[in-house]
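In the two complexes that follow, chain A is the common piece, with chain B as its partner first and chain C second.
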Partner chain A sequence: MNELIPLMVIIPIACGLLLNLLHKKDRSIRILAIFVAIVLPIIPLLSNFGLHYFGGHAPLIDNSTLLGTLPSFISNSALAIFHPAITYSYQSLQKLFIFILGIVAFFAIFTSFNETKKVSGPYMFLMFMGTAAVTALLLSDDIFHMYIFFEIAALCQVGIILVSSTKGNYETALKYMILGSIGGPLLLLGIGFLLGAVGSVNITDIVYAIKHNLVNPFSQTFLIGFGLIFFGWLYASGLPPFHTIKSSIYSKALPHSAALLQSFTVITFIALGIVIFRIFSYLPFMKMVILIFSLITMILGVTMAIIQTDFRRIIGFLAVGELGYIGIGIGIGTTLSLTAGIFQAVNEILTTALLFIGFGTVFYLTKTSDMKKLGGLIAQNPKVAIMVLLGGFAMAGVPPFNGFQSKLMIVQSSLNAGFPEIAIIAVLISIITFMTFMKVFHSVYLKPKPQDLQVVNESIPTSTIFSIVILLIICLIIGLFPQLVTDNIYPFVARLI
Partner chain B sequence: MGLYDMIVNSFKEVRKKVVKDSATNESVSSALAAELTLISTLLIAAIMLRHFNITLTVVVILGLGLLLTTNMPLIPKIKREQDDSLEKMVFYAILTLGILITVIYWGQTNV
Partner chain C sequence: MMDILFDTQLASFFTSAAFIIIGLFAAIFLDNIIKKIIGIAFIEEGANLFLVTLGYKPGGIVPIFLPGMNSEWFAANSAYALPHALVLTSVVIGASTLAVMLAIAMVLYKKHGTLSTSKILGDEK
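Take a look at the complex of A and B:
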């Protein structure tokens, strides 16, 4: 059933376009959006692993009849192996992430219907289009195709911020676009250098050309290509120097869309990170550069988070800081560390979505995220408060939640690889993350309620509570049975190394 | 709104702009925690240089320790540099790109 592979991208795009056309037909939008949001996580479960060639153009080597008719200087060359079509590769890793993305997208869309007064077709379009774009990023084996969808995802993120109607959203969206005008074109330029050197933008072809000495991988073209693609990766993932704008983006989005935006970021980080690892792992300094930026991300993310007074900004900085753990997994570059890093990515998507939606209830009730103006909200809904507390535990790496398992694996892999310093920093940052979270929890829920604090909405929508409960249960299940996730990651990593 | 109210409101507006945020127990302890985290993690990270050269590691750690402690408090400075100003974001983006390309391109071809 390989026909399902392109449908993972086509269905959300088609749904988004249709929802845009149905704008103002609230009931139709709700029904269609919920239906497709339910379908999205199901498709990857039904699809078989394999490749999909757009236009049906398989490599010549797979078509012996055609290959026999060609002259020997073509049939005996690398051209016979190269991929003429845009290729989608669907493996265990893609299955895992597309499934998780589908779940987060479902909860973001489901929650949005009750938390926003009006149902907006264009808003739904942006959410589905962004989901389709990052799905294509995961599936594509073509680096230029990835760039196209990376830009679409970036534009969708800007659109989601623009329609959020929060204070300062236009300014933040504009800044993100301006910075994107630096990061995006440089990424494209890096891809151009690779195309110039290899003659193909297919990642498998580029790796083949490097491994079989068809090109000089230490040439200036490749080095510059690496530098520019790496810089584009920093922009796409919100690693320093783009951590400030990324956390700002999260804080200006509505909480449920921030949950979806952070999943876009993490998946883009993983998709491009794996591409960099596949193509440039022969460079002796590649892993060191990733490690340096990952450590800076962790340190800056958590130190900037502690000193903020806006809880949405704090979660934004913590989410960016957590990316450092994933980067460390990729940077160390062993089988265990890569598995741990990718496992951490899955956990981050889930826990950060839980926290954004969970703390989003505070924003929904009070219309403020300034912690100086908040307090005593545990009396409003103690059950939600406790679930948010447990979500914070999951992010900080407290057992028995999922964050504990992945962070423990990262610490173990650092020690095994001879980097005890990284293990110490990882533990230290986890402790500070815990402390930061407890500070937020105390300020929002436990300290005395300010007299001038007005509760705008009396009760939290049932859909939001449902989303929080299910996400928390998933975090707990993965924490207790990590092999449910790692068994999907390990085969992919084994092939990667 | 009467003239009196307008004057009072304008005073309130001016006061909001002039008066800085008061330091609370929470903000001070947060800044202190961030300061200690920053210094300790940077020093620990610097130990990783031992994979290249032990002498260099000792020199860098001593130098970094001296630099960090003599420039305390660091967090207000970092917070000032890491705000939402577009100019600063663009500056650091260009600076990072410059360092990255220099180290990768020039470092690999000339060292």
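Take a look at the complex of A and C:
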């Protein structure tokens, strides 16, 4: 059912708009939001793989009747193969990520019902709109369309921070918008250079033009385009020099929305990273540039995390550092490494969401995330504390959780590709991640409770505990049966290579 | 030299480059939020102008295929419509971004009593 492909974007957008119409009708909003949140991960499971052409405008070569009526200078040229309409491409990779995004969106929305007093308002709309934008980003085979949805996702992220009403949220939103307003147009400019060179913004067409020597891929136009798109990718993904603002964004959002925001970042990272890989993989230095930035990200992520005292910022920096592992997978560029990198992206989305929601319980109970003011919270709810601890193990790559499998694959692919130094750095960063996490866990749960620490809410909402349990179970299942995920990644990577 | 000066497309490319450079300077080095936002608007419009210029064809015609036109002649003489269509969307996105930034600037001005970015972001620390 290829008709379901656009519905993956249309349904969350329509839901978001409908929620605005239902303003102040909290019960209706809850029912609608939960229903759509349940539907979101189900649609990708029902949809068939394939392409969807908006307006039904398939390439001319697929429409022999029309092709026969056109002059020969069109029918015999590459124009007959090029895509005239916006195209959505739904493959195994899209299926995997849209499913995972749907799950995280469901838990973020489900958790928010009990943790936020006001259901009505722009908050829920922004979560659905952001989910729709990131889904479109994944599906689109059109680089300009990707830019548009990337900007919409960025605006939604800013909106979520603004309505989170945390201290300093407006200042962080301003900083993010200023940086974004530089990064976004430069990305657009890069797309403009590709458009100028090829005459199309469809990624498949651009790759076709390069492979069939219709354009000179080593021309200055292409090189400038690569530089600008790469810069836009750095901004979109929170890679250096944008790593600080990305972790600030996570720390200023409410924990459950931070769980969703980080999934937006990881998916944007993967979507744009794959586009860069598809278009520019002929450049001899492309992989090396990605590798260098990924290594810097890993090192900066953990070193910045160590010096923080706010646990939300620490998780934010650790999440940014984990992106480096994905980048290494893309940068090495072999079948195994790409599979490992994409697998790591799936695991990062799940484990970071688990940690944000898990540590979010601490914020919910005490209304503070400053580790100097916290302590002894294991007595409050030991079961949740243990689940958060296991979530930290999953992120650090401790067996039998999912993070172990993907990180092991990354180490193996580095060794196979002749980069033992990268394998060593990856293992070291993983150990430091584990140590940093244990420091946070000790400060929040194990050290003696400070005298002045006030517990504002006595119990953790059941919906939050449910979300943590399910996310942890998913992490464990993927850790025990990694082929459930990698079997979806291999076919995509095989075609990509 | 005079040819370059009177080449509309080249002049337009230079203008867009100037827009982007001036905008980058304002967004990065100026302290006042409003000036930064104006700089950002410059960058966005520079990128849009670049796209519009890509579709320009010297002596070209509007890309509307009318009855009786020879298709080969039309293909050879019409401007390229795709960049113009893209810019429309891009303008909308740019306007939304600017609106949100201005709204944030208003709130921050009320909160801090200043439009100085260094003071506002300094207060955050």
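The criterion applied here is as follows: the second predicted complex is superposed on the first by the 497 of 497 C-alpha atoms of A that agree within 3 Å, B and C clash if a C-alpha of one lies under 4 Å from a C-alpha of the other, contacts with A are read in each partner's own complex, and residues count from 1 in each chain.
Please note the rule applied: a residue touches a chain if its C-beta (ideal position, glycine included) is under 8 Å from a C-beta of that chain, and two chains touch if they have at least 3 such contacts.
Keep in mind that what you see is a predicted model, and the values were worked out from it rather than measured.
In the overlay built on the shared chain, the residue A:Gly199 is in contact with chain C alone; chain B does not reach it.
Looking at the shared chain after the overlay, A:Ala394 reaches neither chain B nor chain C. In the superposition on chain A, A:Ala345 makes contact with neither chain B nor chain C.
When both complexes are overlaid on chain A, the residue A:Ile148 reaches chain C alone and has no touch with chain B.
Of the two partner chains, both chain B and chain C are touched by A:Thr172.
By the touch criterion defined above, A:Ile86 reaches neither chain B nor chain C. By the touch criterion defined above, A:Ile103 lies against neither chain B nor chain C after alignment on the C-alpha atoms of chain A. Within the superposed three-chain model, A:Gly184 lies in touch with chain C and out of touch with chain B [touch as defined at top]. Contact comparison for chain A: of chain B and chain C, B touches the greater number of residues. Within chain A, the residues touched by chain B in the first complex and by chain C in the second are 172, 175, 178, 182, 186. Touching chain A in their complex are the following residues of chain C: 20, 24, 27-28, 33, 36, 40, 43-44, 46-47, 50-51, 54, 71-72, 75, 80, 82-83, 86, 89-90, 93-94, 96-97, 100-101, 104-105, 107-108, 111, 117, 120-121, 123-124. Residues of chain A touching chain B in their complex: 172, 175, 178-179, 182-183, 186, 218, 220, 223-224, 226-228, 230-231, 234-235, 240-245, 248, 283, 285, 289, 291, 295, 298-300, 302-304, 306-307, 309, 418-419, 421-422, 424-425, 428-429, 432, 435, 439, 443.
Contacts from chain A toward chain C in the complex involve residues 70-71, 73-74, 144, 147-148, 151-152, 155, 158-159, 162, 168, 170-175, 177-178, 180-182, 184-186, 188-189, 192, 195-196, 199-201. On chain B, the positions that touch chain A within their shared complex are 26-27, 30-31, 33-34, 37-38, 40-42, 44-45, 47-48, 51, 75, 78-79, 82-84, 86, 89-90, 92-97, 100-101, 103-105, 107-109.
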